[in-house]
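Below are two complexes that have subunit A in common, paired first with subunit B and then with subunit C.
Up next is the complex of A and B:
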């Protein structure tokens, strides 16, 4: 890239070749209003809010699409440009329902801000009052077409960031409408409810069912933390007000997900309805009754001292807790293991990052279902497929990525994929516990062109492995200690309580908790403090977003206290 | 400043929130009354602007029936400067929600079909004014000189407009005094 010298509003500005006027202006601190433009999306040039005058060019130019050139003289707030912006705003406000007084976005709306900026104090044109639909067929967010300005940010987010291609624009002109698939209700469409469209919508057209009317930007608190719903470790911006969870947003530019989240990270955890364990419980006369921490811990310590203990933990907790867990059982001379299986170490290739998927020309998915379990990874693979990368799925069972794959073969035919990859420049092998030795052998010879992404089912598997914990099954121990954390319902442990003295450290009530002898409450994801290790081995902070209930204690603290009693 | 400036207000299709916001200028109203004479308003004995006219007329609320058209025209005839105050007066506001339905459908829903209604009927009486087909802002019926949006406009915005007029300037709304709806400031 070479330097380009131009002037914007008579100020000399140096940009890089390939930049647009908008990008050069933003870098120079010149504010040009936009509606359809978004930094995470391709330039569109639809709304005409960013029009500017360029000396020697006929008419006005859209700053978001016009590339800069040496010697260019740009004026951003001339009468002609401002008149067009006002005209565009008046047309937008007249077309659909843009009455702010009952809109949840009032105060945080980009359309409203633009109108304030240009002093619009009333509507000039008659309004058609067309009754457009409000689509609430999805669980987590609503599309109100009446508030839509057809900027197509949502359409571009769906195709460019998630590469799911659910959204598009129906018809032309005044009849244009955002639609899902072939114009079906959103809830019946191929929408994966990742919420990326919701995050980029400039108006009140996309409504988050939970946080709508819950607080404006000036009222809320933002806490950055790391998602622990799967092993990827996406960066989260958790939005709260008055100690209430409002919303989760992605953070543009963050590692590894660059603002993209999935339904499990953004929405599902905010709708948790299971009953919390809020106090230690100890079984007395056959019944679990509330107890103090001292009593509960001394009951457990007494059993530990008697020997014959096994500890089994999920990966759904912090590095600190997993280290304390390993330490506790080392001290108790018991066995400690992981409930979830761990993706094997291949012993070849470079440890890859999500970004490697985007510049690879060949992607192999073996024994893994990223679109179902590590969805953000799945979306990155879809993006790569859109850019022309070959995607090969090796699976003996159904795999959601098959429909986007260039080739799908069974394990027995893994060699075919290796052969097809022979000429590829950069190969990424995405795998999980389902990978077979035959597949592992097939790709060994690809050498340093191969990048590997191991996706273990455990949420913080890297942290658990670093703490020295390995997958284990329940053994014949007399006392068994389960650290379940906030294990989800569908992962619920089927282990029967089989006569062993059972201690369970968990956030929610479950059959295992109800059958336990001692229950210790643990925090949930937004109450934890510590660190987690992401899919690539990077240690990331987990921040306390909201305070824990009074009688809930941090996992690491409880495990250390228990160790001290031995 | 010499003689007091006369001001009249009237509410049309509105919730009275704009008038409440007017009163929200608090003790500044004492200062204001040094320069302004409030002639008629919905909350004074005199309900209509005097025949001899006023300098400033303030209308809040949208136009939703024949009587409101009459009131708007009367105010326009009798004032020099007309202010459309609040989102309903400016655009029709929240009252325009009924514009998405037929007038008959709205009346049926309100008087007969609403869940709390038993044996309801649509009232018809010679003293009841007919609804317009659609709700509009004041500006669709009479020429407006100053638009002051907001639901309601803040007391500061109302104070700004009145004091600018007292200083002999046409107010130019921008920054904190230009707000739509109730956007939290």
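Up next is the complex of A and C:
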């Protein structure tokens, strides 16, 4: 890209070829108002807020679509441009219900901001709008058509970022409405509730069910951290107020997800209803009763000293905790293992990144279900499919990606996929524990053109592997120690293992916890501090968003204290 | 052996007036006289004036009867075809019967004569018969180009002919083709815009219904000139008959290797597909048309890049109107100089108009560029209906305007009209007499645009609704002077700020209405 020199409001500005006036202006600190434009989305040019005057060009130009050129002279706040912006705002305020006072976005609304900026203090035009419906058929967020300005950011987000194509506009002209699929309630549509549309909506048309009216931007605290709901490790912006979780946003431009989150990263963990373990518990006379940390830890240490110890952990915790866990069992001369299976190392190809999916022309998904378990990866694959990449799914069971795949074959026919990939320039092999040796063998010969993306079912499998932990099953040892962290329902071990002394370190009550001899409370995702290792092996910080309950201690700290007692 | 051919006009108006029954009656009567092996019966596209429909043309004499009912159709068979006597009282007119159909009662040598380039064959041949097209010089231009001209020479001929796009904007066709030919990317595409939806415009339908191969030949020539081997005709969904005729014509041309692979044994291949629109006016806007053709929502794209660079499927694409394409073959066949001799210096060639409203004779007119509105109404339209005074004409479409009486003598060509601040539009001439209420006219036109706005951009989506609301208040006598000022302001802003031609055109009836007939708007005010 070459440099382009132009002036904006008589100030010399240097931009890059291919940039729009809006991008060059933003880089130079010139604020041009926008409504339909969003940095993460393609240019649309429809709201007409960003009109500017360019010397020598007829009429007004939309800054968000007009490419810059050498010698261009741009004026952003001329009377003509400002008049059109006011006109556009007056029209938008006449179109639907924009009584700001009753909107939860008041104060944080881009439409309202623009109206203040251009001094709209009354409704200029008659408001013939009819009452439109509010669609609350989704659990986590609500669509209020009355606040919608039809900027179609949500439609573009759904198509371009998530590549799910649920949203579109129905009818035309003044009757235009955002709709899901063929105009069904959002909750009954193909919507995956990733919330990307919610994050890009400039007005109060899309409302987060949890955080609505919970606090304006000026009242809230933002904490950046790393998602630990699956092995991908997306960057999160957790929004809190008065020590209360409000919502989770994606961070545009962040690695690896570039702002895109899934329902598990953005919404589900905020709706946790299980009962928390808030203090150590020790079984006395057949009943679990609250105990101090000293009592609980010395009870465990006493059993450890007797030998015959096996420790099993989920990897849903920090690297620090996993290292301490491995260290503890080394010192106790016991065995330490990982509850989740780990995707095998293939021994060939380059370790890929999510971005590699987007510029690959051939994507193989083998033994993995990214659309169900590492959804962001699934969305990236959908995007690649939209751009024309061939997507081949190798599976013997149903796979949600099949509907977007170019070809779906059984494991027995893996060679067919390898054959189809023979002429591809860049191949990404996305796999998980389900991959079979036949598939591994089939792609070995592709060499430099192959990038591999291993998706393990565990959340911090790379951290666990780095700590030396391997997948293991309960082995009949006399003392068992489970570090479950914040276990999800499906991976909880529900039965107490036949008569052994069981220690469980967990956040929530579960049948296993209730059957344990000693229970040690552990922090939940937003209370942890430390690091996690993402899908590509990059170590990322995990920040404490909210303080832990008084009697809950950090995993690594507890495990180290226990080791010191041996 | 066939000794005579009888063609019954088969356009929708004729059909609605019983042309089907007329044809059946003629066939029955022919069978009665045992003439079915000697006389061929077919349909033809519309001839010209609606008052004579349905017409029956008898060849080789070229005699035109009309309007013909089933009963009189039978008479024509028994008298003309069986006994060899003209049925005098059924003749369209002496001029028509004695001269070529395309002159319709006007001497060929005067300025006022309908000069037929585009409609030369329409109404004289059976659109379902490729043989008849070929008999009238059909596919000669393509043959000439493929065998004796380079693509560059074809392009240069079109360029020097000065042909301008007939969809309304008047962009130089040769220049557009050059842009596409210069693109390094391929494949390239030719798209024929037959999504004719402008109010009062139906010229493209009649061209296609009357002479489908002229459009196909034009597309093939365009493909040859710019290096495209595939073309799409995006036809208005309601034009079921035109679509059927086109599909029939494509098949017939392919059978004779006039379309398809290695046309006439040369290395040039050209395939044409027909795609029906789904009823959205905005899809006549070329980028919305391309979106729709690709299966996307029919809304305009950001320009630049223009379709010549990033068109159908992201490839360089020529998008031309039906009438533009129908001009190509005659230009190639007769040369650029021949074409430049017709019309005016700045706008050569002819223009096809659909005249309707308060004129004595409504219908299809092809006149040289530069013919004035007064001439068109007076000569081809037979004057104003009932001898009333002319008040205004609306030229139709997204570049059309309201033309007042003081502009009746402006030569109708792109440049002259633009200089006067009005537009030639798509070719509709909605003629309004003294009784017409301009506010009502503006209301009807704005209502059309409001209904047809795609809703993408704010000014058009909301602005058209607000303009309509304001006009309605004015019509009902509820508006004050400030409301009228506000209406003018909205109209100005909508024109300035809209995304595409539709929004920019929507306020034109109001703005030109106010420019020439302000007092009429003011007379509706409350204060």
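Everything that follows uses one rule, which is that the second predicted complex is superposed on the first by the 562 of 566 C-alpha atoms of A that agree within 3 Å, B and C clash if a C-alpha of one lies under 4 Å from a C-alpha of the other, contacts with A are read in each partner's own complex, and residues count from 1 in each chain.
Everything that follows uses one rule, which is that contacts are C-beta pairs under 8 Å (C-beta built on N, C-alpha and C of every residue); 3 or more make two chains touch, one makes a residue touch a chain.
No experiment lies behind these values; they were computed from the predicted model shown.
Contacts of A:45 after superposition: subunit C is touched, whereas subunit B is not reached. Touched residues of subunit A were counted for both subunit B and subunit C, and C has more of them.
Legend: residue contacts after superposition of the two complexes on their common chain; A:341 is shown touching neither subunit B nor subunit C. By the touch criterion defined above, A:327 lies against neither subunit B nor subunit C after alignment on the C-alpha atoms of chain A. By the touch criterion defined above, A:65 reaches subunit C but does not reach subunit B.
When the two structures are aligned on the shared chain, A:218 is found in touch with subunit B, with no touch to subunit C. Of the two partner chains, subunit C is the only one touched by A:125; subunit B is not.
Shared-chain residue A:537: touches no atom of subunit B or subunit C.
Contact with subunit C, but none with subunit B, is seen for A:172 once the two complexes are overlaid on the shared chain. Per the touch definition, subunit A reaches subunit B in the complex via residues 99-103, 106-107, 112, 115-116, 119, 121-123, 127, 129, 131, 216, 218-219. Against subunit A, the residues of subunit C that register as touching in their complex are 280, 282, 297, 302, 304, 450-466, 469, 489-490, 493, 496-499.
Note for the complex: subunit A touches subunit C at residues 43-48, 51, 59-60, 65, 67, 80, 83-84, 87-88, 91-92, 94-95, 125-126, 128, 149-150, 152, 168-169, 171-176. In the complex of the two chains, the subunit B residues touching subunit A come out as 84, 87, 90-91, 93-94, 96, 99-101, 134, 137, 139, 144, 147-149, 151, 172-174, 178-185.
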